[in-house]
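Every chain is named by a letter (A, B, C, D, E and F) in the order it is written, and numbering of its residues begins at 1.
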Amino acid sequence: MRRLLITGAAGALGSVLRESLKGYADVLRLSDIADMGAAREGEEVVQCDLGDFDAVRGLVDGTDGIVHLGGVSREGAFEAILNANFRGTYHIFEAARQTGKQRVLFASSNHAIGFHEREDRLGKDAPYRADSIYGVSKCYGEIMARYYFDKFGIESVSVRIGSCFPEPRDRRMLATWLSYADFTSLVKAMFDAARTGAAMVYGASDNKEQWWDNGHAAFLGWHPQDSAEGFRAKVEAATPEPDWQDPAVRYHGGSFAAAGHFEDD
Amino acid sequence: MRRLLITGAAGALGSVLRESLKGYADVLRLSDIADMGAAREGEEVVQCDLGDFDAVRGLVDGTDGIVHLGGVSREGAFEAILNANFRGTYHIFEAARQTGKQRVLFASSNHAIGFHEREDRLGKDAPYRADSIYGVSKCYGEIMARYYFDKFGIESVSVRIGSCFPEPRDRRMLATWLSYADFTSLVKAMFDAARTGAAMVYGASDNKEQWWDNGHAAFLGWHPQDSAEGFRAKVEAATPEPDWQDPAVRYHGGSFAAAGHFEDD
Amino acid sequence: MRRLLITGAAGALGSVLRESLKGYADVLRLSDIADMGAAREGEEVVQCDLGDFDAVRGLVDGTDGIVHLGGVSREGAFEAILNANFRGTYHIFEAARQTGKQRVLFASSNHAIGFHEREDRLGKDAPYRADSIYGVSKCYGEIMARYYFDKFGIESVSVRIGSCFPEPRDRRMLATWLSYADFTSLVKAMFDAARTGAAMVYGASDNKEQWWDNGHAAFLGWHPQDSAEGFRAKVEAATPEPDWQDPAVRYHGGSFAAAGHFEDD
Amino acid sequence: MRRLLITGAAGALGSVLRESLKGYADVLRLSDIADMGAAREGEEVVQCDLGDFDAVRGLVDGTDGIVHLGGVSREGAFEAILNANFRGTYHIFEAARQTGKQRVLFASSNHAIGFHEREDRLGKDAPYRADSIYGVSKCYGEIMARYYFDKFGIESVSVRIGSCFPEPRDRRMLATWLSYADFTSLVKAMFDAARTGAAMVYGASDNKEQWWDNGHAAFLGWHPQDSAEGFRAKVEAATPEPDWQDPAVRYHGGSFAAAGHFEDD
Amino acid sequence: MRRLLITGAAGALGSVLRESLKGYADVLRLSDIADMGAAREGEEVVQCDLGDFDAVRGLVDGTDGIVHLGGVSREGAFEAILNANFRGTYHIFEAARQTGKQRVLFASSNHAIGFHEREDRLGKDAPYRADSIYGVSKCYGEIMARYYFDKFGIESVSVRIGSCFPEPRDRRMLATWLSYADFTSLVKAMFDAARTGAAMVYGASDNKEQWWDNGHAAFLGWHPQDSAEGFRAKVEAATPEPDWQDPAVRYHGGSFAAAGHFEDD
Amino acid sequence: MRRLLITGAAGALGSVLRESLKGYADVLRLSDIADMGAAREGEEVVQCDLGDFDAVRGLVDGTDGIVHLGGVSREGAFEAILNANFRGTYHIFEAARQTGKQRVLFASSNHAIGFHEREDRLGKDAPYRADSIYGVSKCYGEIMARYYFDKFGIESVSVRIGSCFPEPRDRRMLATWLSYADFTSLVKAMFDAARTGAAMVYGASDNKEQWWDNGHAAFLGWHPQDSAEGFRAKVEAATPEPDWQDPAVRYHGGSFAAAGHFEDD
């Protein structure tokens, strides 16, 4: 891998990968709409609005792979999500088509399936049940990835990221936590793989509680190594007892699913 | 049904329903960005850009049901589809949430699943396989419909319209044709139903060749009555022999799937 | 068929079959805990408490087939259902095992699966979701039927009766109605069949709205002929507009599912 | 269709199609190892051992479609089946590959799935459960058809023929009967279709009792018109009451499944 | 957890949990129809007939969770099972509804699915195939648990216990064994869980041979730690070679399925 | 196990088992059409053409189990495969039926399912998709195994061997490799099992990349211990970068699937 593009490089996950992927490619091309500081050795830094196609085309051109983290990463105003996530993700795939047919990691989210109930373990075929406009934008990105593979032969992996933080911060994350190390190994696994098609992978560590089944993606050879279990005592001490009827407990999407739920009216 | 809104009323399907639904509701409120002529008895005519939320909110307010046909209805430029289909469909659902929780018919399309192969009969659980940006926008609309039901209790039916024309125009339409009369009866069935949830229905007449299975939606009680078969001789005389390897024959989406397909490079 | 036993013969369905099966068997042996009037030609009348095994054994002995309608046929006190439905159904199967291994029609009910949602069409593999103690007793009867087949080779058909009345009485019955004629033809079909195993059949007429799929039981050759549709205008005129959020509309079991539902607290 | 090859043309089904397909193609090329009489107008008659590849290659060359009925059509000695069915079917597909990539109808049989139980309705995905060496040879032919499609692009339809006779001859055939007219219409449907892939179709008429589900093949537009029901009285009068435990009743394959069954030892 | 009720506390499993759950709750309330000895510190001892509703209501009142082991735990006379298992389990759930909506562990059994064949690995959706009246009572209990959740919001976990003994006692138990420690950790896991719905879990240790798949219940975070493998040599030395045709080997339920099987007549 | 037959004993796998199974049975009866050297202690050596039934019958007679490795083990001329694999495998099963109903290990191959795509993880129910005539012969052997079990009660395990070599030799084998030790433990597991039915097992070691799911066969208690991962660096250094569009990468069958593929014309 000579040149790997990371979008959203100024964000939390982007900053993590900027460190953890150092050396994985000869050059990391880093992009964000926000300031990323100066380029270090083995880096290129390109400030770029994902809503500007010409800029995105230039950004993508000359790279060998794309880690697309850019866009709005939580629930927000529709127009902001429309620009960054809908328009931006299209721009990434279209630019890849026009330049080098690079393989793309699309940072999807568990919020694409956030309205399934906790007792239902989800695999490859779980229907989309977005829990937010943000979640809808992630469904869209996955569908775009599949479309660009079916029609244009652009390979991708959509990672339905659970909760990617330094450590689990609440009880739900005891199941959904994805450690930085496990996310990094997943990025490497998908670019190392001989073929990915338009795969989808759930992004969770090897936690004791498991909500998602990645059996279908075993061909990628990714085996997360971390577990949220070591943080259980700390988390339980710091957070209240859950109520099983609370939509934030009932649904995979947690507070995203609960926010504004009509049955609470 | 007192007041039924039809968006896209200046379009082909909108014009059909303007006639065929006359009398089904006390008032048909007709909307389009294009000119629709003068309102006739039992009609209200409101010119409206679906990309303007305030206008859409006013449009939706006071209605008892929405037939949402508006938007770009074929493959086109991304920005045009982004405005009319992505932004516009969100505006419709959001306006419904804010005003009357009206039941919505979302005019989806077979192009949401257009990259499945002809030999695969598709039912409720067929994964999304959009064959075009237009098709991606239809997947999006269905996911938005599900989201607005799960979170806000807005009922809907997404109709994956096959080929809705006065008569089948090519060999593919011998399987995919939806007559105007059958579309009309489907519209009535979904508004008459006691409950729809966020259902999906394939919109095809009772043709001899069948690609889609509506068994899951039998609770709606819709039974198409027309068949493309009477047009077979005419169609076959007017169109060339198909080639089974042609992507337009291989895939459900026909020419939408074939356009630009990379394996033809 | 020489001698066919009908339990619950004083009840509504029993009285219907008493007439409609006249001549189907040489002798109809009729049983109930209530008075059934005098035996007519081709009939034997035996008053019997299904909770008394010796009586049931005598009742079953010498017959060639059993239509087991007896027991409590609506929600009721647990102890009444325990005696008539739990104890009584066991007695019927056990008596069949001890005497003639007669094929049994078990009158099950849609209330065995009454907590599924209307938008979900149910087939053979729908999990049990009883909506009442009565519904639980019907699940039990089906499981008992399967057990007696697996272990002892007693054949049966469990009929999940929808709404078997002279005509549909409310809007739900436009989907769930089973006409007397169709029920009668089903009884004949199952006794005429070369083999039934421990089959399950949904008991609904050929209504326009369909909630249940009998495809798995097509080997029985039963084709209902009646439809609730002719009663639609009358029913709709006599009953209020449904509310899609009402549990009685949401769930297959209708008012059985709605009664006492905790989310209404 | 200019020239259509029918193998096994001297057999019962071959003789039927020789008549019923008259005029469907400009020329019917008829082949058998047995005598077929003289060629009539629109016919070519070629005596051929399917075990002789050069002969088969010559037979296939110049045709536009193949109806492959040839081979042993009942249980028999392994070596006879090995030559006619295993070697012969390979020869047909390989000759098609070498000459014209003609579409092939492979006359498969219900005996490929004959060890499934009657209560199990079978569709596209029923696992192979051959009931005889003959049945194994039919599984083989279907797998060969799929292989020649996947690797070489030879289209085919494998028809799992039920019981194709002038009329049903026993009680089992009330479910499995395929009328000559329905078989003929199926042959036409598959050659008229724009694309078949390597489809499989169950060959049964529109009988009242149905064991097999052809929903997956609805894209072919084949709708059988005949029914065994008109022969029921005659068949039941002429045949004994079935015993549900008899393997010939229990299994789809009837007497093929029952012959030699070890549990009867 | 302040007060945890254990029914059947004088039985084998009850005695085990009385020890192993010491300290898990502030108070263990122990109940049985048999003598349980004197209460020790942290215990309450209440003799109670599960067939007496008022007694059960008093028993359940004031507790925070229920481990319902009580009832007949092997095949037995119908009337005994009817009282203890059918009536008793209803009493437990109904008392929970009336008092505190306590979460319930229902001690189900592999005998609820005992007539499946060994080669079929069973998961969440395996149809009920009871192998005994005892097994039927366990199906009933699971259905009751689901009913009380759907209608009244009583959470539960039904544990289909394999063979819970100090060590495996025969060859079948090399697959079905559940160690006391693993059962204890499962009890804790289900009461610690934020939500259980009406889950079902197979109760087997981490044995080398596995018949059941608990993937669907991974959200509970239960990971058995013991294995029957260490007892293999001892078990094999003490028990005869199995016969693959023996119903006790063929079916999941072992000797329960074999007892009285009609094909052995 | 007193006497275990190994066919194909002069081949690569046969030679491995000749060593690794030493002592597992009192006597290893070794057979091949080629020279196997002299019998050693605990061995019987019988040269035999699998195409000669009388010879095979003699070979099988007196044994207690059969490891059937014999036949053509790569793509080859149809007639050679017809004799050795089709005729030979029939002879093995038929001889088992006539002599001792010995349990049979049938050496099947991943090439029976070689035309599935890499992104599809395959389990028990994956449809046959042979990638070669050799692969067709393996489908046939599995179907024959099922037939001999259904009709005659001959137990078997069909092992879909991945790549059984001393070490992985190319990048595909990093997923498909089966170590000799793991193959040996599988042979022992299947003969030690109380019952196998007509099971199918995928033969791959515990590699990091996994294409196949053996969950259905967990009842056999086989747990492979080796992994190809230790050979990754060596393999990657010695082999070129894969091209994801290469049929040898796209399909499970690797170069077998790619050879002669029509889309490469």
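FYI, contacts are C-beta pairs under 8 Å (C-beta built on N, C-alpha and C of every residue); 3 or more make two chains touch, one makes a residue touch a chain.
These numbers come from a predicted model, not from an experiment.
*Asks:* Which chains sit in contact with both members of the pair chain A and chain E?
*Replies:* Chains in contact with chain A as well as chain E: F.
*Asks:* Quick one: how far do you have to rotate chain C to sit on chain F, C-alpha fit, nearest 5 degrees?
*Replies:* 180
*Asks:* So how far apart, in whole Å, are chain C and chain E when each is placed at the average of its C-alpha atoms?
*Replies:* Measuring from centre to centre gives 31 Å for this pair.
*Asks:* Approximately how many whole Å separate the CA-defined centres of chain A and chain F?
*Replies:* Going by mean C-alpha positions, chain A sits 41 Å from chain F.
*Asks:* Using the average of all C-alpha atoms in each chain as its centre, how far is it in Å between chain B and chain F?
*Replies:* Centre separation, chain B to chain F: 52 Å.
*Asks:* Would you pick out the residues of chain D that each touch at least 2 other chains?
*Replies:* 153, 263
*Asks:* Can you work out from the touch definition every pair of chains that touches here?
*Replies:* All touching pairs, sorted by chain label, are A-B, A-E, A-F, B-C, B-D, C-D, C-E, D-F, E-F.
*Asks:* Can you list the chain C residues touching chain E in their complex?
*Replies:* Those in contact with chain E are residues 78, 82, 86-87, 90, 94, 115, 125, 127-133, 135-136, 139-140, 143-144, 146-147, 150-153, 257, 260-263.
*Asks:* Which positions of chain B touch chain D when the two form their complex?
*Replies:* Going by the criterion above, the answer is residues 117-121, 171, 174-175, 207-211, 213, 242, 244-245, 249-250.
*Asks:* Could you list, by residue number, the parts of chain F that touch chain E in their complex?
*Replies:* Residue list for chain F touching chain E: 153, 155, 194-197, 199, 215-221, 223.
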